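After this come two complexes, each holding chain A, first together with chain B and then together with chain C.
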Partner chain A sequence: MKSLILLSGLGVLTLLSEMFNFKRKIFPVVLLGLLGTIVISAMYWNTNKHYFNDMMFFDNYAVAFTCLISFIAFAWFLLSQNYFNEETNLTDHFALILFALVGAVIMVSYQNMSMLFLGIETLSLSLYVLAGSRKNDLYSNEAALKYFLMGAFATGFLLFGIALIYGITGSFNLQTIANYITLNSGNIPALFYTGVLLMMVGMAFKISAAPFHFWAPDVYQGSPLVITAFMATIIKTAAFAAFFRLFFTCFSTIESVWGNIIFVMAILTLAVGNITATYQESVKRMLAYSSIAHAGYMLLAILAMNKFSAGSILFYTAAYSVASITAFTVLSIIINKSNNEAIDAFNGLGKRNPFLAFAMTVAMLSLAGIPPMAGFFGKYYLFNAALQSGQTAIVLVAVLASLVGVYYYFKVIIAMYFKSGSDSSLVEVSFTHKLLLILTLVLIFAMGLMSDFVIRLL
Partner chain B sequence: MSTIQAIPLNWYILLSAVLFVIGVLGVLYRRNAIIIFMSVELMLNAVNLLLTAFSSYRGDSAGQVFVFFIMAVAAAEVAVGLAILIVIYRNTSSTDINFLNKLKW
Partner chain C sequence: MLTAILIFLPLLASFLLFFAKGGSAKKIALAFSIAELAVALFAAFNFHRDATTQFILDFWWMPSLGISFKVGIDGISMLLVLLTSSLVPFIILSSFEKKYEKPNVFYGLILMMQMALVGVFTSMDGFLFYIFWELALIPIYFICLMWGGKNRGVITFKFFVYTLFGSLFMLVGLIYLYQHSSAHTFDIQSLYQAGHSLPASTQGILFWAFFIAFAIKMPVFPFHTWQPDTYTEAPTQGTMLLSGIMLKMGIFGVIRWLLPVVPLGVAEWGNTAIILSVIGIVYASVIAIMQNDMKRLIAYSSIAHVGLIAAGVFSMNVQGLQGAMIQMVCHGINVFALFYIVDLIEKRTGTRELSKLGGVRSISPIFSTVFMIIVLGSVALPFTNGFVGEFLLINGLYQFSPLAAAFAGLTIILGAVYMLRMYQKSMLGELSPLNEDFEELSYNEKLVLYPMVIAIIGIGVFPKPLLHISEPAVEELLRIIALK
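== the complex of A and B ==
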C-alpha cells in the first residue's frame, strides 16, 4: 500500500517540478523513488494485509509482482534517458509513466473487480497518450488510435462480464465470488458462465492473446520505441499477473468451462506469434510478435492452474522482461545511429561494437530459451507446471513453437556476426546504457543460476 | 414496489444485451472514428444499465457505486480519445479510419 502512495506521490512531484523549475533534477529523484518502492513493498513480505474493506490484498503474490514491476520500471527509466532528453514536455511523460505504474500495482494487488477495472484503466489511459506522444508522426497517431479503440472495446467486454457476475453473485469481491461457486456448484445459472467468458475475452485483449492480438503488432510498431519497450515488459507483466490472479482466486474451480477455450487460445497464440515473427523485416515488429508468442507460453501456467503456476509466471515474466529490456536498449542505440529498424541495421555489429553485439546475443538466446540463460529456466518451470496438471499436448505444441522461435531470434545473431554492413563505423554507447546493459546481462545469467530460489518465493 | 422493479429483471438484461451488441457491431462495422467512439460509449452505458438494474433488484448499493466509477473513467476516456482524434484530424484532415493503414505486415 505504501508503495502505491509513494508512486502516486512521485507522479505528483514530477508534475510540480515543471512548475517550480527543478525538472533537471527530477530524473535521479524518480530513480531513487523507484528503488524506494522496491524496498518498501518488499518490507510487506509475509504480512498479507487487507486494505479498504477488502478492496486490495497485499499477499506475497502482490508484493513479488510490485517489486518486479518497480524494478523493470527502474531499468526502463535508464533505457529511456536519451529519449526524454530530446523531449520538451519531459515532466508530462514522467508523470504519465509513474501513474501508469500505479495502475500496474493496483492490477497485481486487487481483491475486488472494481479495483481491477480502475487499475486497468489507470494503466491504459496513460499509455494511450504516450503511444501517440509523437504528435506529428502519422505512425504514432495511428498506433494511439488503434490502441485506444481496441483498449476501450476490450474494457467494454470486461465490464459486461463483471456486471453479469455481479448480477448472479451479488458481489464484486473475488473471495465472495469464489465462495459462491463452491457453495452453489451444480446449479449456477448460465449467465454467470457468460460473464466469466466475457471477462476472459476482455483480459485476452489486454495480454494480446490470439485471436485478440491483431492490434498489438501495429501499436508496438507505431509507438515510440521506449513506449513499446514499456508495453512489452511492464504492461505484459501486470496484465498477466491480473489475469492469473482473477482466474486463480475466482474461477479455478470451474476450469471445465474455460479450460478448453484457453487451450485453443494458447495454441493459436503460439502459432500466430512464432510463425508470423519469422518473416518480419523490422526488428521492432519482430519483437512485437515475439511478445505475442511469449503470452502464449504464459497461458500454459493458467491452463496448469496448480501450486507451481504463480511461481513460474513470476519467473517467466521476470526473465522475459529483463531480456526484452536488453534487446530494446540495443535496438534503440542502433536506431539512434542508423535511423533504421530493419534486421539489416544489425549487420556487422559484432565488429562495430562487440559489447553491444554480445548483449543482443544474450538477450536473443534468453528469449529463445537456450540454457543457461534465464529464459530457458522460465520455459522449463512453465512446462513443468503444465505437465504436473497433465497438459502434455499443449507442452508439445509449446516446445515445437519455441523451436520456430529459435529461427527468428538467430536471424538477428547471424546478421550481427556473419554479415557485413555498408556502414562499418563504430557504435557509441552512453554511460547509462552501458550500466543498464551490464546490469541486465548479470541478471540474465544470475536468474538462471538462482531460478530455484525465485520459483520457491510463491 | 418501486417503478424500476415493476418490470421483470429479464427485460433489463435483454435490453442491455441488445444495446451492448449494437455497440459491438458499431465498433466492427463503422469506418468513422467518431462513430466507433460513440459505439464504445454505448457498450459502457449498456453495462451501466445492467449494473443499476441488478443493484436495484438485489437492494445492494455496490453496483450503483461501480456505475459511478465507470462514468468517471468513461469521461476520462472521452477526453483522451477526442484529443487523439484531434491530433489525427490535424495531420490527415479526416476521421475515417481507412486512412490509417500505414502499419501492416
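== the complex of A and C ==
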C-alpha cells in the first residue's frame, strides 16, 4: 500500500519539478524512488493486509508482482534515459509513466472488480498519450489512435462483463463472487457466464491474445521504441497478473465454462504470434509478434489453474521482461546509430561491438527458451504446471511453437555473426546502457541457475 | 568432488579465456585441457572396477521440483569422460598452426563444450542431464556459425533446429516420467522406477520421445540429413568435436536414459531401431563410396559406424553393449585423426577433392604411413582398435538376429571399400600437380598424430583395460533392464 502512495507521490513530484526548476535532478530521484518502492513493498511480505473495505488485498502475489513491476520500471528508466533527455519534455512523460505504474500496481493487488477497472484505466490512459508522444510522426499518431480505440473497446467489454456479474451476484468483491459460485453451483444463471466470458474478452485484448491481438503489432511498431518496451514488459506483466488473479480467485471452479475457450485461444496465440513473427523484417515488429507469442505460453498457466500456476507466471513474466528489456536496449542503440530497425541493421554486430552482440544473443536465446537462460526455466515451469493438470496436448503445441520461435530469434543472431553489413563502424554504448545490460545479463543467468528461489515465492 | 572439478575446470577456463588476449589464448586453453586430462586420469586410476557410481556429488538444486545437482561416474561414464578429456587437448593442439579470428572466443567455446559434454556423461539427474545436453549445443553452434565454411548460416541453423526439435520431446518425456515417479524427483533411480511402473503402451510412446532425440544426435537413418552438411561446413575443430565426442552423447543417452528407463518400450520398438540402424549402415556406406570430398566421405563413414554401434546397443547383451562402449572410444580416436589428416591435406594442397589428389606416398612417406594406419583402424583390421569394437558389436548383434548381423557385417566390407579407395586416390597413383611440394609432417603435427597411432595399435592389441572399466556397469545395466 505504501508503495502505491510512494509511486503516486513520485509522479506528483516530477510534475512539480517543472515548476520549481529541479528538472535536472529528477532522474536519480525517480530511480531511487523506484528502488524504495521495491524495498517498501517487499516489507509487506507475508502480511496479507486488506485495504479500503477489502478493495485491495496485498497478499504475497501482489507484493511479488509489485516488486517485479517496480524493478522492470527501474530497468526501463535506465534504458530510456536518452529518450527523455533528447526527444521530449521530461517531466510530464516521467509523470505519465509513474502514473501508469500506479495503475499497474493496482492491477496486481485488487480484490474488487471496480479497482481492476480503475487500475486498467489509469494504466491505459497514460499509455494512450505516450504512444502518440512523437507528435510529428504519422505512425506514432496512428498507434495512439489505434491503441485508444481498441483499448476503449476492450474496456467496454470488461465493464459490460463486470456489470452482468454484479447484476447476478450483487457484489464486486472477488471473494464474495467466488463464494457465490460455490454456494449456488448448479443453478447459476446464464447471464453470469456471459459476464465471465465478456470479462475474458476484455482481458484477452489487454494481454493481446489472438484473436484479439490485431492492435498490438501496429501499436508496438508506431510508438516510440521506449514506449514499446514499456508496453511489452510492464503492461504485459500487469495485465497477465490481473487476468490470473481474477480467474484464480473467482472463476477457477467453473473452468468447464471457459477452459475450452482459453485452450483454443492459447493455440491460436501461439500459432499466430510465432508464425507471423517469422516473416517480419523489422526487429521491432518481430518483437511485437514475439510478445503475442509469449502471451500464448503464459495462457498455459491459466489453463493449468493449479498451485504451480502463480509461481510460473511470476517467473515467466520476470524472465520474459528482463530478456525483452535487454533486446530493446540493444535495439535502441542500433536504431540510434543507423536509424534502421530492420534485421539488416544488426549485420556484423559481432565485429562492430562484441559486447552488444553478446547481450543480444543472450536475450534472444532466453526468449527462445534455450537453457541455461531464464527463459528456458520459465517455459519449463509453465509446461510443468500444464502437464500437472493433464494438459498434454497444449504442451506439445507449445513445444512445436517454441521451435518456430527459434527460427526468428536466430535470424538476429545469424545476422550479427554471419552476415557482414555495409556499415562496419564501431558502435558506441553509453555508460548507463552498459550498466543496464550487465545487470540484465547477470539476471538472465542468475534467474536461470537459481530459479527455484523465485518459483518458491508463490 | 572430483566430478565437480571435471565439470567446472573447463568452465572456469572458458570464462578466463573470454577475457584473455588473443595471442595467449591457445596456450591457456591447452594448459587447462591438459590439467583436465590429468584430473580425469587421476579419477580413472582411483576408480574401483565395480558397478557402483563413484565420486558422487549430490545437492539440491531446485528442491520444489525434485531437481538435484547430482553427478557421479560409473564405468560407462568413466570411459566417455576419458575419451572427452583426452581428445580435447589434441583438438586444441591440432589448431595450433591455424589462425582463427578471435582465438580467445574460439578456445573458450571449445572448453565450454567440454564442460557440457562431461556434464552429460556424468549427470545422475534427468533434468541436469537435459540442461547439459542442451548446453552442449550452444558452443558448437557458435563455433560452426562464426568460423565455418561459406554456407554455414543455413546449415548450422538446420543443425540447431533439428537437434533442438528432438530434445524438446525428450524434455516432455522427462517431465512425464518425473510426474509418475513415486519419489517425485528427477533422480536417475526414481526415473527408472517411474519408467518401469508404466504400462507397455505408454513406455512405447516414451521410447519414441527419447529415441528421436538420441537418434538425431547420433545420427541414425533417417534422422541424419543435417549431419554431412554440418560436418563439411564446420571448421575442422568443430567437426572433430561433433564427430569425435558429441555424437557419443546420443549413444550414451540410449544406454543410460533409454534402455533402463523404458525396457518394455525397448522390447517393443528395439527391432525398429535396429532395422533403422542397419539400413543406415548400408545406405551411408554406399553413399560414402561415391564421395569426392574427403570430409564428406568421412562424415558418411561416421554414420555407418554409428549405425553399427546403435544396432549393437539395441541388441541388449553384454557383447553388444561392451562393443559399443569400446567402439565409442575407438571411433572417437579414429574419426578425430581422419579429420585431422584431411585438414592437413587441405592445408597443403588447398583442396579436399579426391580427383585432384594423388601420389603423395612417393614424396611424404611418413605422412602416408600414418594415414594408412589410421585408415586401417577405421576399416577394423585385426590388431587395430576398430577391430575389437566391431567384432564385439557384430557378435552381440548376431546373438540378437543373425540376419541383422549379416547385413551389419557389410560395414566391414563396404568400409574397406570406401576407406581404401580414399587412401588410394589421395596417396597412391600418379603425383598430382597440386602435391608436388607436399610437406612432410611437422613437429606439431607429429605431436598430435603419433599418440593417435599408438592408441590405435595399443587398444587393438590390448583392449582389456578399457573393457574392464565398463564391464561391471554394463552388467548392472542389463540386470536393471531385465527387471522390467
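In the analysis below, the second predicted complex is superposed on the first by the 457 of 458 C-alpha atoms of A that agree within 3 Å, B and C clash if a C-alpha of one lies under 4 Å from a C-alpha of the other, contacts with A are read in each partner's own complex, and residues count from 1 in each chain.
Operating definition for what follows: a contact is a pair of C-beta atoms (placed from the backbone, for glycine too) under 8 Å apart; a residue touches a chain by one contact, two chains touch by 3 or more.
For clarity, every value in this text was computed on a predicted model and none was experimentally measured.
J.: On chain A, do chain B and chain C fit together or clash when superposed?
T.: After superposition on chain A, chain B vs chain C: fit, no clash.
J.: Considering only the touch criterion stated at the top, classify A:Phe383 as touching first (chain B), second (chain C), both, or neither.
T.: So A:Phe383 only meets chain C here.
J.: Could you say whether A:Leu138 touches chain B, chain C, both of them, or neither, answering first, second, both or neither?
T.: first
J.: A:Val406 in the overlay: touching chain B, chain C, both, or neither? Say first, second, both or neither.
T.: second
J.: Can A:Ser171 be said to touch chain B (first), chain C (second), both, or neither?
T.: First partner only, chain B.
J.: If you tally the residues of chain A touched by each partner, is the higher count for chain B or for chain C?
T.: Answer, by number of touched residues of chain A: B.
J.: Counting only touches as set out at the top, which of chain B and chain C does A:Asp92 meet: first, second, both, neither?
T.: In the superposed model, A:Asp92 contacts neither chain B nor chain C.
J.: For the superposed model, what is the least distance in angstrom between any CA atom of chain B and any CA atom of chain C?
T.: In this superposition, no C-alpha atom of chain B lies closer than 25 Å to one of chain C.
J.: In the superposed view, which residues of chain A touch chain B and also chain C?
T.: none
J.: Touching chain A in the complex: which residues of chain B?
T.: Those in contact with chain A are residues 13, 16, 20, 23-24, 27, 33, 36-37, 40, 43-44, 46-47, 50-51, 53-55, 58, 60, 62-63, 65-66, 69-70, 73, 76-77, 80-81, 83-85, 87-88, 91-92, 97, 100, 102-105.
J.: Show me the residue ranges of chain A that touch chain C in the complex, using the header's touch definition.
T.: By the definition above, chain A touches chain C via 350, 354, 365, 370-372, 376, 380, 383-384, 387-388, 392, 395-396, 399, 402-403, 406-407, 410, 413-414, 417-419, 451-452, 455-456.
J.: Give every residue of chain A touching chain B within the complex, in rising order.
T.: 113-114, 117-118, 121, 125, 128-129, 132, 135-136, 138-139, 141-146, 148-149, 152-153, 155-156, 159-160, 162-164, 166-167, 170-172, 191, 217-218, 221-222, 276, 279-280, 285
J.: Which residues of chain C touch chain A once you look at their complex with the stated criterion?
T.: That would be residues 61-65, 67, 102, 130-131, 134-135, 137-138, 142, 145-146, 152-153, 157, 160-161, 164-165, 168-169, 171-172, 175-176, 179 of chain C.
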